[in-house]
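Okay, here's the structure, questions in a sec.
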Amino acid sequence: MQRLLITGAAGFLGNMMRQRLAHLAPILRLSDVADLGAAAANEELVQCNLDDAAAVDDLVAGCDAIVHLGGRSIEDKWSVIRQSNIEGVVNLYEAARKHGMPRIIFASSNHAIGYHKQTERLDASATTRPDGLYGVSKVFGESMASMYYDKFGQQTAIVRIGSCLDAPVTHRMLATWFSPDDFVSLIERAFTVPHLGCPIIYGASDNSTSWWDNSQTAYLGWQPKDNSDKFRDHLMKTVPQPAPDAPDVIYQGGVFTADGIHPEDED
Amino acid sequence: MQRLLITGAAGFLGNMMRQRLAHLAPILRLSDVADLGAAAANEELVQCNLDDAAAVDDLVAGCDAIVHLGGRSIEDKWSVIRQSNIEGVVNLYEAARKHGMPRIIFASSNHAIGYHKQTERLDASATTRPDGLYGVSKVFGESMASMYYDKFGQQTAIVRIGSCLDAPVTHRMLATWFSPDDFVSLIERAFTVPHLGCPIIYGASDNSTSWWDNSQTAYLGWQPKDNSDKFRDHLMKTVPQPAPDAPDVIYQGGVFTADGIHPEDED
Amino acid sequence: MQRLLITGAAGFLGNMMRQRLAHLAPILRLSDVADLGAAAANEELVQCNLDDAAAVDDLVAGCDAIVHLGGRSIEDKWSVIRQSNIEGVVNLYEAARKHGMPRIIFASSNHAIGYHKQTERLDASATTRPDGLYGVSKVFGESMASMYYDKFGQQTAIVRIGSCLDAPVTHRMLATWFSPDDFVSLIERAFTVPHLGCPIIYGASDNSTSWWDNSQTAYLGWQPKDNSDKFRDHLMKTVPQPAPDAPDVIYQGGVFTADGIHPEDED
Amino acid sequence: MQRLLITGAAGFLGNMMRQRLAHLAPILRLSDVADLGAAAANEELVQCNLDDAAAVDDLVAGCDAIVHLGGRSIEDKWSVIRQSNIEGVVNLYEAARKHGMPRIIFASSNHAIGYHKQTERLDASATTRPDGLYGVSKVFGESMASMYYDKFGQQTAIVRIGSCLDAPVTHRMLATWFSPDDFVSLIERAFTVPHLGCPIIYGASDNSTSWWDNSQTAYLGWQPKDNSDKFRDHLMKTVPQPAPDAPDVIYQGGVFTADGIHPEDED
Amino acid sequence: MQRLLITGAAGFLGNMMRQRLAHLAPILRLSDVADLGAAAANEELVQCNLDDAAAVDDLVAGCDAIVHLGGRSIEDKWSVIRQSNIEGVVNLYEAARKHGMPRIIFASSNHAIGYHKQTERLDASATTRPDGLYGVSKVFGESMASMYYDKFGQQTAIVRIGSCLDAPVTHRMLATWFSPDDFVSLIERAFTVPHLGCPIIYGASDNSTSWWDNSQTAYLGWQPKDNSDKFRDHLMKTVPQPAPDAPDVIYQGGVFTADGIHPEDED
Amino acid sequence: MQRLLITGAAGFLGNMMRQRLAHLAPILRLSDVADLGAAAANEELVQCNLDDAAAVDDLVAGCDAIVHLGGRSIEDKWSVIRQSNIEGVVNLYEAARKHGMPRIIFASSNHAIGYHKQTERLDASATTRPDGLYGVSKVFGESMASMYYDKFGQQTAIVRIGSCLDAPVTHRMLATWFSPDDFVSLIERAFTVPHLGCPIIYGASDNSTSWWDNSQTAYLGWQPKDNSDKFRDHLMKTVPQPAPDAPDVIYQGGVFTADGIHPEDED
């Protein structure tokens, strides 16, 4: 692998991966619409709007692998979701198709299945139940990945990310927590297995509290190592439990399910 | 029911339904971007582009029920698909939400699951496998319907239409044929059951050759009456069989699976 | 078959079966706690309380087959349910065990699975979700039948009766209607198949609107013939539709789910 | 189709098909180890032992389609089963591979799944549970068909024949009866669908009493028309019911399950 | 949590939990029909018969959580089972409903599914197959829990306890062993998760030999820590293996399946 | 256990087990068609061709347990496969039936399911998809084991061996690797559980990369301990990855799927 592209590299996840994926390729190409700071010796920085097809085409050219974290990652008004998560994905897949079909890690989200209840256990064949426009846009992206695989052989790891941060900060995150180390090991594995295909993988650590079953993708040989249980006692003491009928306790998508449609004139 | 809206009423399916659904409401409101001809006494004609949110809002106001046939119904370049099938659906659901949430019949398509093989049998919980941008746009639409149902209670009958025409004209259509009478009876049923929910229904007649299983939606009480077998002998004699490895014989989506991505500069 | 016992023969279903099952055996033994009127030439009438073990033992002695319709068939206070549906079933199975284990038709009820939603499709392996004390007592009875089959070989047809009356009188009954003719043909079949076992059968006609799937018991060869659709138009015109969120529209058990626990001092 | 081969044409099923399949091709080639009588104008008769590879190669050469009924069709000693059902199948598939891979109808048997109980419902994905050496040989044949399809694209309709005769003569056959007309229509369909694949089809009529579910092969569009119910009353009156724990009542394979291993010195 | 009620506290399991659950609440209320000995400082002792509704009402008043171990825990004559396990459960749930619906741990049993074979693997959706009147009474209790949850929101952890003792003493217990530590951690978890619902949990340790699958309740985040393997060698040496067709080897319920119905006049 | 028979003891696996299973019985009886070298004090050596029924009968007489590793273990021409893997198995099962039905470990193979893709996850109920004549012969052997269990109670552990060698030497073997230690522990367990039955077990270690799910046979209490991950880095550095569409990457059976039918005149 000569050049690894990370989109959305100025965001929270993107910045984390900028630090942690440098060993995968001699050159990291980093893109974002926001400022990316100073380039390290091994970095190429590209300011780029994902809804600009020509710019995305340039961005992808010459890359051997893509970690696609770019786009809006929480609920927003439709015009924002559309430009970043709909147009952005269309542009990315067309660019990849034209430039040798490098493998893609697609950052999907638990919000693609957010209206399933926490008492349900889902695997890769579960029906989608998005919990907002953001979730719908992720179903769209998964659907693009599926189609480009069936039609062209473009391989993608679809990762339905839970909550990727250093430690869980809500009770719901005891189930959704995805340690940065586990995300990194998943990305490494997706780039090194001989055949990736187009699997749907739930991005969560090996948490005792669990709603998701990755056994269908055991052919990848990826096994998360962390467990949110080590934070449980601290969390129980410091964070009040939500009411037993709060959305954060009922639905897998948590508080996103309580959100409405954002009006176009909101900031 | 006072006023029934049919979108895409100048199209093939739309025109068919304009003739056949008049008994459902005193007033038919018909919309299309194309010319709709002269209005009958019970008809309101509205020329309207689905990607115009304000126009769609006006269109939906005052309607008790919607048969949404509007949008592009075959593969096309992305900009066309996006404006009609992505923007159009977003506008329709927002308008419906604001105007009393009339029930919607959403014309989805077998192309949302087109890459499944014809030797597979699918029911409502099958994973989507779209066979092109058109198919992806239908997955998007289904996903919007699902989200508006979970979040707001908006009820939609998602109909994955096979081949709705007077008679099958290819061998594949022995499985996908959906007689206009059967489509009409499904629409009637969807508007009259006490609780519709947001079911996924395969739009096909009671054909002997079948890839689809609607038993999960038997709570609707809809049963197709026609069977493509009455056309089988004629078809065998007049239409050459495709090769045993032709896309039309391998995949449920048929020749759509052999299509590429349409370039933006195509007409 | 020499003597067929029908319990609860003075009740609605019991009286219906008294008229319709006479051809199955030379002697009908009929029991009820209520008055059974005058005996026909082929009838033996026994006034008997099901919670009286000795009386039930006498009742069952000499019978080759049992249609057990006795007991409380709607929600009631616990003491009533217990005496008729708990004690009654214990007494019946003990008596049967002691007297040659005649086959039993056990009138269970849709209220054993009443909290499943009408959008779900259940077969014989569905989990029970009773909708009241009456429903719980039916789960108890099914459980007794299962245990006596596994332990002693006592064969029972467990029939989860929907709504057995001449015609549906609510919209929900379009799904639950069980024509008397179809019930009779099921009883005939259960008594004549070489091996009955202990199957769970949903007692419903071949209605277009359907929540239940009897395919697992197709080894019995029973097929209902009637369809509630013939009453649909009349029902639509004469009976107002319930609200889309009424219990009668949401749950398979209908209005029973809206009932509370009956206090012991109610009449 | 120019030439249709029927093996085992002097046997019971073979003779039946000799009469009924003549319309499928101008030339019927008929083979058997036994005497085939006089040839009709459209018939080619070949006396041939299936364990003779060269003879089978000659037999298959020039044929466009094969109905393979040859071999031993009841339990026998191993040396007989091996020569006809193991060697015979190996020879047939090799010959077919070398001669253009004509479609094959492979007469498998319910005895490949004979130890499943009659209270179970099986579809094409059920595990095999053969009930004797004969049943094991049928599993072998199915396995050869599967391998030749996966490896070479050789298409086979695997038909697990129930009881193909004019009318059921035991109570068990109410479930297993396969009318000759229905078998003929299945063969016709298997030869005319554009893509056959390698489906497992239970060869039974549309009997009310049923243990088998062909819904997974509905892509073939074959529907049996006959129902053993028309013989039920006659059977009930003329054939004594077996005991409720007789093998013919407990297992799908019936009395075959009660048979032992036949010694090599049996005649 | 202010006050935790443990019923059946003088029994084997009850006494064990009296020692081990004191940390969960400032006050332990302990009840039994038998003598409970002297009260510790943090204990309230209540002698109470579970079939006495008024007494149970008093017992439950003021409690925030209930571990219901009371009732008969082995096979017995019906009158005993009824008073303790049927009446007792009805009284408990009514009392709980009237007093704020404290969470309940309901001690169900593997004997609710005892007639499943040991070669089967069961999860929470398995059908019940009770192995005696005791098992039937546990199905009844589970059914009450389910109904009170669906109707009133009363939350219960239904624990199908295997064999809760310090070490396995039969070969069957290699699969059913439930270490006291693991039971305690399950109770702790059931009382602290934000939403409990009404799950069915198999009460067994993390034994290598296993018939039960708790993956559907992984949302609780409970993971047993012990494994019966540490006792395997000792058991193999000291306890003779049962015959390969002994009930203790064939059925999950073990020797209970070999028991009959206990007569009412037994002591 | 007095005498353990290992067939195929001169082969690779056989020799390995000769060293490792001596602790299971005072006498090891070892057989092969090839030379077995010198006998140790506890060994009985028998040169024997498996297609010789009388010799196999003698071989099995007096044995309490059998590890059947004999026969051809890679693809070969039919006559070789037939004599060793078809005739050999028939002879072995007949001999076992006549001599007290000692438990058998039957070395089946992943090539019985070799045409399943590596992206599929199989359990014991997966359909067989053999990848050559060798695979077909293993399906035959499994089928014999199943029939002898259902008919006579002969118990067999069917082990679908992956790749049993000291370390994986191809990328595919990261999934199929079966450490000798794990195979030994499985054999020990199969001989000591009170009831073995006739389970299908995938013979693989606890590898992170996995296509197989043994949860249905958790009643055996066998758990593999090794994981191929310890060899992954070394393998990545020393063995070139196959192309993403190589058979070794696509199919579970690997390169066997690319093999043809071996002609009879091959050496």
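Lettered A, B, C, D, E and F in written order, each chain numbered from 1.
One rule holds for everything that comes next: a residue touches a chain if its C-beta (ideal position, glycine included) is under 8 Å from a C-beta of that chain, and two chains touch if they have at least 3 such contacts.
Computed from a prediction, not measured in an experiment: that's the story for all the values here.
Looking at subunit B and subunit F, the chains in contact with each of them are A, D. Per-chain CA centroids place subunit B at a distance of 42 Å from subunit D.
Note on chain placement: the centre of subunit D and the centre of subunit F lie 31 Å apart, centres being C-alpha means.
Rounded to whole angstrom units, the spacing between the C-alpha centres of subunit A and subunit D is 52. The residues of subunit C never reach two or more other chains; the list is empty. Applying the touch definition to all chain combinations yields A-B, A-E, A-F, B-C, B-D, C-D, C-E, D-F, E-F. The residues of subunit D lying in touch with subunit F in their complex are 78, 82, 86-87, 90, 94, 97, 115, 125, 127-133, 135-136, 139-140, 143-144, 146-147, 150-151, 257, 260-261. Within the complex formed with subunit F, the residues of subunit A that make contact are 155, 192, 194-197, 199, 215-216, 218-223. The touching residues of subunit C, when paired with subunit B in their complex, are 118-119, 121, 171, 174-175, 207-211, 213, 229, 232, 236, 241-246, 249-250.
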